[in-house]
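Everything on this sheet refers to the single structure shown next.
Order as written gives the chain letters A, B, C, D, E and F; numbering starts at 1 within each chain.
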Amino acid sequence: MLKNLEEVRVFMERINLTPGLAQAKPIRDSLKEHCGTDVGRCYQCGKCTAGCPVAFAMDYTPREIVRLLQLGLKEEALKSKTIWLCATCDTCSTRCPREVEPAKLMEGLRQEAKAKGLVADKRLDLFNDLFLQLVEKYGRVHEMGLILKFNLLSAQPLKDAGHGPGMFLKGKINPLPHTIKDNGEVKQIFARVRALGGEGK
Amino acid sequence: MNQHTVKMRELARELLSSGQVSLVLGWEKGNLWYKSPPVFISRVEDVEKLIFDEFCHNNLAKYLMDLVHHSGKIAVFVKGCDSRAINRLLQDNQIKREKLYIIGVPCPGLKDPDDAVGKKQGAEVKNSAKCATCSYPNPVVYDALLWETVPVNTTKAPVEELIAKLDSMTPDERYAYWTEQFSRCIRCFACRNVCPACNCRECCFDQAEPDWLGKANNLSENQFMQMTRAMHVAGRCIECGECERVCPMNIPLMAINKKVARDIAELFGECAAGLDLEKRPPLGHFDLNDPEKFM
Amino acid sequence: MKLAYYPGCSLSTTGIEYNMSTLAVARTLGLDLWEIPEWNCCGASSAHLTNHLLALALPARNLAIAEEAGLDVAVPCAACFARFKATEAAVKDSAETRATIEEVIGRKYEAKYTVKSLLDVFVNTVGLSQIKTLVNRPLEGLKVAPYYGCLLVRPHKITQFDDPEDPVTIDQIMSAIGAEPVYWGYKTECCGAAHPTVVPEVGLKMLKSIYQGARDAGADCIVTACPLCLTNLDMRQKEVGEQNNTQYNLPVFYFTELVGLALGHDPHTLGIDKHFVDALAFLKNKGFLNPVQNRRDSE
Amino acid sequence: MSIEAVKADKAASQENWEPKILVFACNWCTYAGADLAGLSRLQYPPNVRILRVPCSGRVNPQFVIRAFQKGIDGVLVAGCHPGDCHYATGNYFTRRRYLVMQRLLEFMGMDPARFQARWISGSEGPKFQQVVTQLTQDIKALGPNRKLRDME
Amino acid sequence: MKRVGVFICHCGTNIAHTVDCEKVAKTAAEFPHVVFSTDYKYMCSEPGQMVIKNAIKEHKLDRIVVASCSPRMHEPTFRKCMESAGLNPYLMEMANIREHCSWVHPDKEKGTEKAIDLVKMAVAKVVKNTPLTRSSIPIHKRALVIGGGIAGIQAALDIADAGYVVDIVEKEPSIGGRMAQVDKTFPTLDCSACILTPKMVDAAQHPNINLVTYSEIEKVEGYVGNFEVTIRHKARSVDVSKCTGCGTCWEKCPTKVASEFELGLGTRKAIYTPFPQAVPNKPVIDRDNCRYFKTGKCMVCQKLCPTGAVDYTQEDQLETIRYGAIVVATGFDLFDHSVYGEYGYGKYPDVITGLQFERLINASGPTAGKIKRPSDHKEPKTIVFIKCVGSRDEAKGKPYCSKTCCMYTAKHATLVKEKIKDSQAIVFYMDVRTPGKNYEEFYQRAVDEYGVQYVRGRVSKIYQKGDKLIVKGEDTLLGKQVEVEADMVVLATAMVARSDAGDLARKVGFSYDQHDFFTEAHPKLRPVETHTAGVYLAGACQGPKDIPDSVSQASAAAAKVCGLLSKNEMATEPIISAVNESICSGCGLCISICPYKAIDLKTITERVHGKMLERQVAAVNSGLCQGCGACTVACRSSALNLRGFTNEQILAEVDALCL
Amino acid sequence: MKTIVKSRLAELLQTMAQDFRVLVPVKSETVSQFVPWQEGLTVNLEGNTVLPPKDIFFPQTEKMYKFKVKGSSVDIEEFAEDVQKQVIFGIRSCDMQSIDCLDKVFLTKGYEDTFYKTKRDKTLLVALACTKPQDTCFCESLGLNPLEASGADIQVYDLGDALGFVAKTPEGEELLAKYASLFTEVNAVPQKVEGFNLKAEVAGIPEKLAKMFDHPIWDEVSQKCLGCGACAYLCPTCHCFDISGNVKADQGYKFRCWDCCMFSEYTRMAGGHNPRPSKKERVRNRFMHKLYYFQERYGQLLCTGCGRCIAKCPVGMDITAIIEKIKEAEV
């Protein structure tokens, strides 16, 4: 849905393909290397989107993301909500007749968007960060802490409050953080991944 | 007398006396304790000559080419490598399976006779280099298996190290290395004559027209000879290591053969020669999707 | 039959009944599950979405420990299973990756043993006939919608397990214990993973289509093998129903719970009392809670 | 000037050295491609000499070694693109043979640039020009070939 | 000593402006064996050829080198010149000093130097040349057509009309093939049967055509002009000479089985003809399902047959016939869409293939032409067509386009709208490909006049919901997910090669591609020939084709056959491989390398130590060898050599160049 | 006896090398043959070389003359060979005997081979006594004395830590005198020779072989031969050669190179006929030549008991065993 006139203008603006096309080949090659999948192979049949369970919520359908990349408009793809909404269920990759793997592309684009500070949906990113922080700290995930912290930081403190007590009573959430005795090894893994140039948050 | 020898003689005796075969190819003991040359046995009383020990290097399969017209069936003892030679010759249409009674002898790995020179019988002797690379000590084709199969060793052979060393050199260094090796060659052709993949009726090296190979012994001709041989046995070499063993000048020929075999496996997929009769040699067919980086 | 067992984070919290029922049923089926000592979180989709190497390294540590013990690994959680399989494949695929991973985790891991989903263990290690013979409370008349979700079967190249479009292992197990699996199209549809929690406006819509699909197919309940799927399907049912002016009321089970029930275990031992949609009442109505005699544990 | 004189001249000044390059060309593609290069007047270094064969599959690796023995500086084997072989499959065998051969040459210490193989179709006059030009440059950079050569 | 003459052509100034022709001629005079050398303005001209002929006479030349343009241009000219001078035409070599020299090298000194080298190579080669002669092979004037579909029928009719005897071997009990299953044909909407059945009858009644139905090719030996084909006549259990095709047997037969012809939508009996218009109209017994063959009891057909034609004791018969040419027209199979889990793995009864749909709308089909859903026989109102099922799909199907689906889907959708007035026809497509006469117009009519709704996008999944099929796709033009509640889904499944195509190709001895479609000798210039001389292709066995394409290729193949059969003998090219039997060890590696199956092993007898011994050696069939020389490289001992390009000749050239 | 401690041998050779081309036996992983002395080489005093010293006089490939065709005539030019005076140090009795055989072939019976003679004439032979026969040695059986090589200019004895030199010819005397300063005069007794592992009784063999051309023994003996040339090329006495050309267009050169009677094409004639078509005929010829023909022509056997062929035969053919077989054969 278009909210205001400004969005209309941006949305309908004609795209100048020339600068993008010069980038198309290098973008294609780098995606091939980093995501292991070749957007050049896509013939835009739409089967990925047709089966995508989240496409209804996306600003660009998965097929359109691939199209942006084919045209060298990667910036646009990186800014899209789509790459954050992808649930990595892999339905698209499984059914693609050209063996393009959109799910892998989403993964790579998300990592790149994050590195460039272009996170279009902060909630999912925040969730992932918090999750990994817990893993690094305790070795395992403390789900109650995760949800509480997430809701707090995503400014919806009362969300899911209704489920908490029920779960607690059913013995489903442990109020204390789980941990493994010596978490040094897991911390080490995070440290080494960082040292090797990864984010490893 | 070891149990292996006993079993050999028993079977040979039975085969000969029952008339199932008219000739047995095996190994005997000669004047030197560290050599076990081939022996041809056609009389039951000669069966006692047969032995099996750690010096039975010779690949008896090669003799079958001389015996194509032998009347009657021939029994031949084969180690793992020798059995691949049988397949090699069958695949090259050089011998007929129905004329053979193949007796498999799982091979525990042989000793290096050169290391035994000057030593007393029973002294400690190094393992033979060719057996260090062996992946098929157990016969792959046989009518009877004389004793239990042996485990396959997986240690890294010195030849692999040599190849790795050569691979890491510059082209000039490699060329210098091979120059030193090939300049030693005396062109005795023992490497070719012992090779079960060299089963041409007339070798191209022996031909006067076209004069592929000059008679002069010089580096260039020796290089031509060894490279041509490498190409001719490419994908057909059963890696028995006999060429290198018999070379009086100790030229590391298996480094070439192994390297080519490895390249072929890398390029076209695993295709060890002499294992599967149905599998055509890698240079005798092709795949539409073969790599072609260099084209 | 001894297997390394990796419960994963969910099975000690939101999916605790999966752990309870698995352990109970395993004993009956003669499975010796050796919990990987000091296991760590597999990183789930968060690591996978953030850093490739981290996503491979976290599971690798657990697998390395199992490899040291010389055991195949049984993984009940679909998400952990998918991550483990990805690591196993990456290590098998490239010696270089293997070396990097080994360096990161500080342990040797050669992928010598196999990672198996718990479903795989039930169908191929224990065997359907074995399960069948041990049933003494067949769940006759129970119409179940087998729900696999995404991670068990995709990507097929890596999971190498069941059919990616029409998986059947849960169906087979359900048939073995006397229940009737319905055929429906949503077996492998995504439950939304973290979406119902994190972006509910999206996640709840995803759940709706699954509830609807199960109901359209005439199922009484849904059976799954994934703690995340179960939590989503179970916890959000009321909410989604209200949003759509309907009531779904489809109890959601772990397949191990129903197997346990069929083998004669007490529903409390199996953790069936821990669901949001009242499963106990449902089972009682169906007449599956009458006590059973003669429960036989296999040797 | 007789050939001997030309040769002597060459030997005298190493700076004027020009490589001699042998091209085994399939009659149906590369030979025709070279013809097309001629028709189109596409210039390339005069160092290459084409030897016509019916098919790249006719080129025995022994010919290549022989050429090096006799003092050639570089060899190109050129045939039809995969799928286009006039004889259906000849070039597939060429491909296999020379993949192996090239690695063998390298293992023996030859510089890889000395022996190359290419697919050049009858319509690829410009490609022929480009390939032989590049090849000549590569080999000029390496200097005269001494390896495998019969120095007698 | 050989006596070589060298002739350097100026080609006007084409050569002479950058090559010092006089100097080349002078230098060449010093080459070994050269006894005469000259240059001339136009060697190919009449006077130029006279220069050559005179020199041959005057200097008693026994071989010559012409240095001029490309041999691809004037080799035949100078060969003829040699012939008229009384020399063997193959004792001539050319040095290409125009295309490969003067035209590409502006530097006269370097160009001259190179020209000298090229002449030197040619001289070295020609010294090793030997006289070669063409030989000829006889042509047997009878043709075989394998496959009795429309392509086979057309090819047979054309060959027969030209006056040659032709046999059609068809493995089914009737000819007719796929076209017999089709209802209407695009873009004219002619009734398929109306145009096919008269052709079938023509074929049956043609005095030069023998229909050999219910038979298969067992073995093919020989070569062009002389194929020895063994045909297996499968046991029909019916004596065709007695049978009148009255139909009593199949009316009374108690066993009903699913009909292959109806693609499982209808049934047939155990004794049956595939369809009512079958040619020949004589039944066969399906022994796998016949009650008598299964239990030994029944025999109803035999008892009731008025002519006593039913014969349970028949056995397969082998017959060997000699043919001069073979046309392969074995057609295609349909892609098995059960690999698509997302489309229900073939388990949804109302998801059918296009060919099944043909049967559903065919008046002689199982529903008598009424479109009914297989599940409940209700008339569907909303029908979804999905294109490219198995085509253009590297993951689960075939990478190629099946060419016909766009058109037949448009036809199907049109027919739906014609037969069910209140229906909806929705076509999910990726592209609409209509390159054919009146094809685009036909498609536009489907959209404009019939209101067929085209949606661009590939369907991802079909869900069953109640008695509806929910089809989910994306309208890629909108960028929105869409779904349709359909009553029936028709899949335009790919055309694929027959499952036994590879077997047949190996039997006959020609090549096939990675999809098992038969490979033509050249994709543009020899589209109906195979690499094996005397074997031609027609129809979809070579690749997806529609009816007009199949028919035109069939006629083209027939023309090729007639051209071949019109001759009594065929000349063979002398540039072929030859075996030196004394060296050949009979290893047979050359056999698998030869693309023409021209090499075989033969047994020879030779005297060794006074004993006559037999051994095997390679033998080259001069009728099949095309002279590629691949075998010569495979032969380690050089026992195989290629005439005109011998090892000796090539080595001489190499040596000459490298000097 | 003139002696020199072994540690100073290098010094002696280095000094000699200023006046002569000095050839010494060297053995390494890759080489085992006589090579020109140069500083840093280690002389092998243990056991014999794999390659015999025959190539010093009779190289494996030897250019003979070059030619150029001019019109209808041919210009021929000999290769001018600059042959230095040379000393072969450390040659054993068996190889000394082989030089005697070669001398007979190349220098007697009315023909002198100039290629051989120019090198042979300029050579001084310094023999080294054998005290420890190798496993495959049997020279004693052929009447040779391993301690005293016939025909040597100087005989050298191994005295343990030192080597003792005794001149046997005037040329030898001269040589020793020239380097007298390097030697010490000591009274020493040479070591005795140890026992031989292999023996062969050759008495009567040539006579017996004269009657055995068609004997079935050749079928048996030849059976395992592979037809390679290792035996002949390692044999110090084998001297067959082939003359071949290296021709490039109108010019080239002729050379001779070793040939081997075991090769199938050895006796093949231009028309393709081969009087020795199978290995039976070839093997027979080899042993006939060694043990009978040569004796008949030159009065001695063409075998010196060096044992190289036994050591290196790929299939373990053993000439002593064959001699034994001949001896036992019924004629």
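Keep in mind that, in the parts below, contacts are C-beta pairs under 8 Å (C-beta built on N, C-alpha and C of every residue); 3 or more make two chains touch, one makes a residue touch a chain.
On a predicted model such as this, the values are computed, not experimentally measured, just so you know.
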Suppose chain centres are the mean of their C-alpha atoms. Which chain sits farthest from subunit C? F
Chains most often in contact, by C-beta pairs: A-C
Give the label of the chain whose average Cα location is farthest from that of subunit E. F
When centres are defined as mean Cα positions, the distance from subunit A to subunit B in whole Å is 59
Whole-angstrom distance, CA centroid of subunit A to CA centroid of subunit F, is 83
Let me have the rounded angstrom distance from the C-alpha centre of subunit B over to the C-alpha centre of subunit C, please. 56
Where subunit D touches two or more other chains at once, by residue number: 61, 66, 89, 93, 97, 152
The positions of subunit C in contact with two or more other chains are 164-165
Touching at least two other chains at once: which residues of subunit A meet that condition? 56, 91
Partner subunit F, residues of subunit E touching it in the complex: 31-32, 124, 582, 608-609, 655-656, 659
Along subunit F, where are the residues that touch subunit E in the complex? 69, 248-250, 272, 277-278
Looking at the complex, which residues from subunit D come into contact with subunit E? 2-3, 6, 18, 20, 22, 27, 31-32, 34-35, 37-39, 41-44, 46, 49-55, 57-61, 63, 66-67, 70-72, 86-90, 93, 97, 129
Per the contact definition, I'd like the list of subunit E residues that touch subunit C in the complex. 340-342, 345, 461-466, 470
Going by the contact rule at the top, pick out the subunit D residues touching subunit B in the complex. 61-62, 65-66, 69, 82-83, 89, 92-93, 95-112, 116-119, 147-152
